[in-house]
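Notes for the one structure printed next.
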Amino acid sequence: MTPLLQVRDLAKFYGARRGCEDVGFDLWPGEVMGIVGESGSGKSTLLSCLAGHLLPDRGEVIFDTQLHGPRDTLSMSEPERRMLMRTDWAFVHQHARDGLRMGVSAGGNVGERLMAVGARHYGDIREQAVDWLGRVEIAADRVDDKPWAFSGGMQQRLQIARNLVTGPRLVFMDEPTGGLDVSVQARLLDLMRGLVREMGLSAIIVTHDLAVVRLLADRLMVMKDGRVVEQGLTDQVLDDPQHGYTQLLVSSVLQV
Amino acid sequence: MSDYNFAYLDEQTKRMIRRAILKALAIPGYQVPFASREMPMPYGWGTGGVQVSAACLTPGDTFKVIDQGADDTTNAISIRKFFEKTAGIATTEETAQASLIQTRHRIPEAALSEDQILVYQVPIPEPLRFLEPSEVETRKMHSLEEYGLMHVKLYEDISQHGAIATAYAYPVKVEGRYVMDPSPIPKFDNPKLSMAAIQLFGAGREQRIYALPPHTRVVSLDFEDHPFEPSKADHDCDLCGASDSYLDEVIVDDAGGRMFVCSDTDYCRSRRAANHVGAQGAPYEDARA
Amino acid sequence: MIEIDGLGKSFTLHNQGGAVIAVMAGACLRVARGECVALTGASGAGKSTLMRMIYGNYRASAGRIMVGKTDIAQAAPREIIRLRRHTLGYVSQFLRVVPRVPTREVVAEPLLTLGVARADAIARAESLLARLNIPRALWSLSPTTFSGGEQQRVNIARGFAHEFPALLLDEPTASLDAANREVVMGLIEETKARGAAIIGIFHDEAARARICDREVDMGAFAPGRAA
């Protein structure tokens, strides 16, 4: 078996300041990896570099493409990379409005990726949109409503549906539950767990919420000052942290 | 007339515009940037079309201007007079007599020929602007042929109205490559975009020129289960009886009386001259009297 | 099935002056298929620590932990994940679940993860819940609001949903009434009978005597003694 994503010696600097450095890991099909760290630890920079939103200064991000096998996405042509972004990859933003077209109906939002890869049958597109709204627990009669008429949790679920409709293999998530009520978070987490399992998705989730990674991630990477200080099995890193920073992070969580 | 250079613009500017036109003809449907000049009329009144016309006109040309199909509206008359004054060229209202036709919102009903040029006035040249506000992004989408968004617009139409409700400025794909805004012509005119004449599109405020060379393949975007349909009022012209021309609805009194007439005034006139009479029409001689 | 050799564990507390606390050294243990071994020793002797190390939850400082052909002490995360899905089950003392997920789904999840058809997984979950006397009315509710005993039984049902070849049981009969203890004992006996290797912590001596083939005193692996 080949890793879905192989990251080697990735580094990104903002001038002299380090965004992230010396990052390397393999992500295997069906694996969910969490990246945690405090604000400014470089976790969002890393995610942007991995997802092709930011060009790193050094390193390789090798993705196992369906047609040509493992390819370095950083040396790909832009059309190839953008094609990857709307087929095999998906990106769930922290703020749904960054990932949705707020002026387009829920159905149109979900249908966009289908149309982007050539779907030209209105009835089929709509049927798939309604099916996906159902899977993220949005009633079919909301299909023609605009996202601004939805609650925060619904918007986030709509964003997930819009991303998963083309059956991606790798999903990048940036604080997917940030800014949501606790009860809404739980519902979203449950939904994401189910979808990851059913679709065999691989995912990389950036968050500062350790409860989120415990529930969603198989593996965990802990970042501090742009470097990975510890990585391993999620529950092992959380329950038996080896690095001083991780110990501090874990012991800082409020117990309910 | 000697107060102005021929056709108002200086020769350097005309050459710059001609280069843009040649590039546009070489890449059908691609929007070529050009350095749009201040014209003695406000944006939105056809400054783009006027600059393209000025760059194309030669002293031997016969010029026609239509606005919404009519030769006798304020805008059409003003532009016609502008070039009569600055270029001293012959003008006409007869489509077949004109070598260069500037238009706003219509394509003439009569088929154009290979020795004619049709110049469109364009308000917003970017068909993707509806959903993507960033110019950087839309340019990238054109260059990478990422046109899924165009269908999102049509999807929204069907989901809201049950059919594709876009009635004008209906997007087209040119030679299987660029998606293009045909300017705000009614979609009734879209099938005519594949024609024998050269078609040039000028957007003054947005500083873009694009073109369709003769006999270019132009396809209106649609869905398999909602195919493109050119539409018009379900009526015949009340003056000339034409059933195949695009119609304007005209309110004729305060009691709700109305009539449908050809939007292309020259087409209607020539049909009446050939003794075609519509439901409310009078014989041609009487109308002139 | 489970072979442990020279296992040691110490915790380094970086935020408390780098204090190193050794909790285990030279632990050795073998459990064959169809065998049940009880870990004994005083509270704090390292029973739960050993269980967690076998499950890969705590990192081993020394030694090896073979489960089947995999050395947990060296294995990459994905190998441990695969092992946990297919081979090695763990019934902890506490139920940890996503809020809002119905009990029936919580129990069926290990099977769904393995790709078992949904209907089959749910059927298995429901039969276990029924056997463990969880009222049917509760099956569609999240267990987060259940009583301690109910949560413990849901946890056991989840742990026994898939027939793991190796199973770790941490106080499975604590906080259960006699009737339910009997049900759990029956489950464990069936699991032994089908050939699973079991390591357990049982406070209840009667249960230990009835189920376990051997006892291993964790006191023997205290760091001072081994050194």
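Per-chain numbering from 1; labels A, B and C assigned in written order.
The definition used in the following text is that a contact is a pair of C-beta atoms (placed from the backbone, for glycine too) under 8 Å apart; a residue touches a chain by one contact, two chains touch by 3 or more.
Because the structure is predicted, anything quoted here is derived from the model rather than measured.
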**OP:** Report the connected components of the chain contact network with subunit C omitted.
**Re:** one piece
Original post:
Using C-alpha centroids, which chain lies at the maximum separation from subunit A?
Top reply: B
**OP:** Find the most central chain, measuring centrality by the gap between its CA centroid and the centroid of all protein CA atoms shown.
**Re:** A
Subject >> Distance from subunit C to subunit A - Cα centre to Cα centre, in angstrom >> reply: 32
Original post:
How many Å are there between the centre of subunit A and the centre of subunit B, using C-alpha atoms for each centre?
Top reply: 47
Subject >> Distance from subunit C to subunit B - Cα centre to Cα centre, in angstrom >> reply: 77
Original post:
Which positions of subunit A touch subunit C when the two form their complex?
Top reply: 28, 31, 183, 186-187, 189-190, 193, 197, 214-215, 218-219, 232-233, 235-236, 239-240, 242-244, 247-248, 251
**OP:** Report the residues of subunit C in contact with subunit A in the complex, numbered from low to high.
**Re:** 11-15, 52, 56-59, 77-78, 80-81, 96, 98-101, 112-113
Subject >> Touch list for subunit B against partner subunit A, complex >> reply: 131, 140, 144, 146, 148-149, 151-152, 155-156, 158-160, 223-226
Original post:
Of all residues in subunit A, which touch subunit B in the complex?
Top reply: 78-79, 82, 86, 101, 103-105, 107-108, 111-113, 115-117, 120-123, 125-126, 143-144
